[in-house]
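Note that the chains are named A, B and C in the order they appear, and that numbering of residues resets to 1 at the start of each chain.
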Amino acid sequence: MREVAIIASAQADNTATTTSTPVEMLIPVIQQVLANASMTKTDIGFWCHGSCDYMTGQPFSFVSAVDALGAWPPIIESHVEADGAFALYEAWLKIQTGEIDTALVFGNGRSSSGDINRILTLQLDPYVVGPLWPDDRSIAAMQARACLESGVVTERAMAEVAQRNHRNALTNPKALRRGDHSIEALMAAQLVADPLRELDCPAHADGVTAVIIAAGDRARGLAARPAWIRGIDHRIESQNLGNRSMTTLPSAALAAHKAGVANDKIDVAELHAPYTHQELLLTSALGLSEATTINPSGGALCANPMMSAGLARFAEAATRIMNGTADRALGHASSGPWMQQNLVCVLEGE
Amino acid sequence: MSDDVLRIRTPISIKYQYSAGPRVSSHLLGLMDGRFVGKRCPVCELVYMPPRNGTCAKCGALLGEDVEVGQRGTITTFCVVNVPFLGQTIKIPYVSATILLDGADMGMQHLIQEVDAADVRMGMRVEPVWRPREEWQPSLENVLHFRPTGEPDAPFESYAGHL
Amino acid sequence: MAERCAVIGVGQTQHTSCRADVSIAGLVREAVDRALESAQLTMADIDAIVIGKAPDMLEGVMMPELWLVDSLAAAGKPVFRVHTAGSVGGSTAIVAAQHVMSGVHKRVLTVGFEKQSDGNAMWALSVPMPFGMPVHAGAGGYFSPIIRSYIKRSGAPSHIGCMVAVKDRTNACRNPYAHLHEPDWTLEKAMASPMLWDPVRMVETCPSSDGAMALVLASEDVADAHDGPKAWVHATAMRSEPTAFAGRNQVSPRASEDCANDLWRKAGITSPIDEIDAVEMYVPFAWFEPMWLESLGFAPKDHGWRFVEDGVTEMTGRLPVNCSGGVLSTNPIGASGMLRFGEAAMQVMGIAGDHQVDSVRKAFGHAYGGGSQFFAMWVVGKDKP
């Protein structure tokens, strides 16, 4: 296996809404990540991106993203209908084949284009579940209810997740929501989808994340302390809401096992868990201990730019390796209702 | 078997909000004023009308200064549409053409009318027919269609690079 | 550095305008089950699944690969979704091959599909956007002006498109899975076919189909142990360029030429016309055959139409093109690219039945999408690369 590292990243400021087009949002971030790496577009061997037509409200919506890349002369480029973190996975595979040495991957999307909770309903079984229109937040609330009643999580634990993430976001200029809330205030707040309160739910955002990865010595030449991808794996589980565990995440556990999470301690974990109860389930599934700092960025709870939130976790984890505050970090991305699909990446500094 | 449900109809209705983006605003405001306003790429200096996405796709750069281009233009290529489809609002057969407006470096799509479809040619010179001013919106639909000006056709070399 | 990879299984659905007899999952499983049978494997043997399809508005399900997990026995496995517009079937096959060539997986199932009769395809492909001027009647309205430019530039006579259409529709009669089975086309009848987007006639236009194509890709050790036919992946290439910019050549886009040159170089091919024995290229409008022949380097510039006229691309010709009937006879958008890649593999594997070309050692699969801007290609061969 070739050694591959994250050597640079950039994120747009997450906003609740924007009047910019997706392409206008993208160009400054692409330029920024290249500048952060001291690279130009001709240094990039492969471009790969993640976005979603239904979220944008336009078929082939990814095509206009190519306009942001200055794809002339023609480039090697590909697209996934998924979070940019999966674009990173495709680029990592391509590097392993030896065809390329560097890749720029990104995810972009405007959650504000439509009612995101309703749009996500379209992911469900189109014959017997979707037509009932259970929206994403309601589905998450069902899972939270099951977790509470089985004792796997408590209301207080959920409030603690909300408190910690929002406090962490105070030092993240990219976050959309931040604040210093007491547990009492959090637990007394109005329910929006029982048992979920507003701050148990993600701060949906319009955003962009871009990351550059490079192989071996190329990476060493591009960054003082590259964030080496020591393990990366993704797994999926059934979507069948009536025939699936509500209180465990077997796909996350399996991906973590395949990625070698347990081989050594994890200093920092950035988890793409949009709801507070899900962060608790995930922490357990990944086998993270109390010694791990979780979501120093504020996580997807404080900024959830659909289609780039997962890649943003990778960027945040990598940043802490690169700036020396962590030696071993975990980046995670998820997709689908009840965190149906999980991508886990272990990063290490040399 | 006759009681089996083989197909179901599941209506989907989702509302979206689209942004033209700040960079396209001057173009749309120009249309509200009966003018074709494009933008120039600060890197390659080519003029785009309309300023697609506010970017120069070749350079990957945000477009810069506003540039007004001529009302008249040259048909670089076209097709005669004979097929009806859902959402189509124009009567068939009609001519859809790429028009290189004077001063622009990339063609734009629009309709050609007031001429027999069989007489439309590459190189034909055309001018816009605007709707009544009181109907104007921030949209290229303010122009009903383009029609021949009667000028001699533009020479092939003048638009060959834009095919 | 890359591991070797071979196609050891191929399966496709009965393509037609409306598969009302199956659900989306049923359509996908029809192709998958046939591919697994062809590979002599079961679902349990598969390590990873790579799915490709075009805009989800076509079926009204967002990211359907998430929901299809149960139908594909994919729980506990990696599932990956590619979407690169019309080229998606091809790029998906390439991404799937990379799952093997990277050394990460040994048995990868890949499927491209579209059940576009479930929605309204023409609407789904060009949902009207505000701020612009809606003039195009779908893809035909977009591509026919480009075709007009080719005809003018190359001096091609007007019957060339019809010749390609007659060839592909006739070839399709030898392919039991093809959507259109129209055995009675003659050049004369084709020239009388109504103009849809002048200069493109109805007979020169692809249908709208429901269908799926699945492949099983295997690592070298698994392929060596497989006692059925196989097609070794010799090379893959992809290129993209922007949709529109001043001075863009849409007749022979540079991305197409660069992609082909990269592919021939990687595959060690110096004369494509001599070294490729069968071609499956993405021709949704008949005139694209002569255009792509030139762009890909099979024919000199402005001579692609002569190859058509001289019968070079007939099944019995020097360079058989689209013996399966091609996109002109079957077009489930998400599957079409993989149909080209898969049919090329079938030619090498000798399993193309009545549309098999004799003694195919190397075959070429091609897909394109968007505004002639996304290209995916591969060369497969009987021998190891």
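Going forward, a contact is a pair of C-beta atoms (placed from the backbone, for glycine too) under 8 Å apart; a residue touches a chain by one contact, two chains touch by 3 or more.
This structure is a prediction, so every number in the text was calculated from the model and none was measured.
In this view the innermost chain, defined by its CA centroid being closest to the centroid of all protein CA atoms, is C. Contact count check for A-C and B-C (C-beta pairs in contact): higher for A-C. Centre-to-centre separation of subunit A and subunit B, using mean CA positions: 38 Å. With centres defined as mean CA coordinates, subunit C is found 31 Å away from subunit B. Multi-chain contact residues of subunit C (touching two or more other chains) are listed as 60, 126, 129, 242-243, 245. Looking at subunit A, residues 54, 57, 64, 66-67, 69, 71-72, 119, 122, 126-127, 130 sit in touch with two or more other chains. Among all residues of subunit B, those that touch two or more other chains are 10, 12, 18, 20, 24, 52, 57-58. Residues of subunit A touching subunit B in their complex: 18-21, 23-24, 27, 30, 41, 54, 56-57, 64, 66-72, 112-115, 118-119, 122, 126-127, 130-131. Touching subunit A in their complex are the following residues of subunit B: 8, 10, 12, 14-24, 52-55, 57-62.
Of all residues in subunit C, those touching subunit B in their complex are 20-21, 60, 120, 122-123, 126, 128-138, 140-141, 144-146, 148-149, 152-153, 194-200, 242-247, 249-251.
Looking at the complex, you find that subunit A touches subunit C at residues 1-2, 47, 52-54, 57-60, 62-64, 66-67, 69, 71-82, 86, 89-90, 93-94, 96-99, 119-120, 122-127, 130, 233-240, 250-251, 254, 335-337, 340-341. Across the interface of their complex, subunit A is touched by residues 1-3, 23-24, 54-64, 66-67, 69-70, 74-85, 91, 95, 98-99, 101-104, 124-127, 129, 238-243, 245, 253-255, 258-259, 370-371, 373-374 of subunit C.
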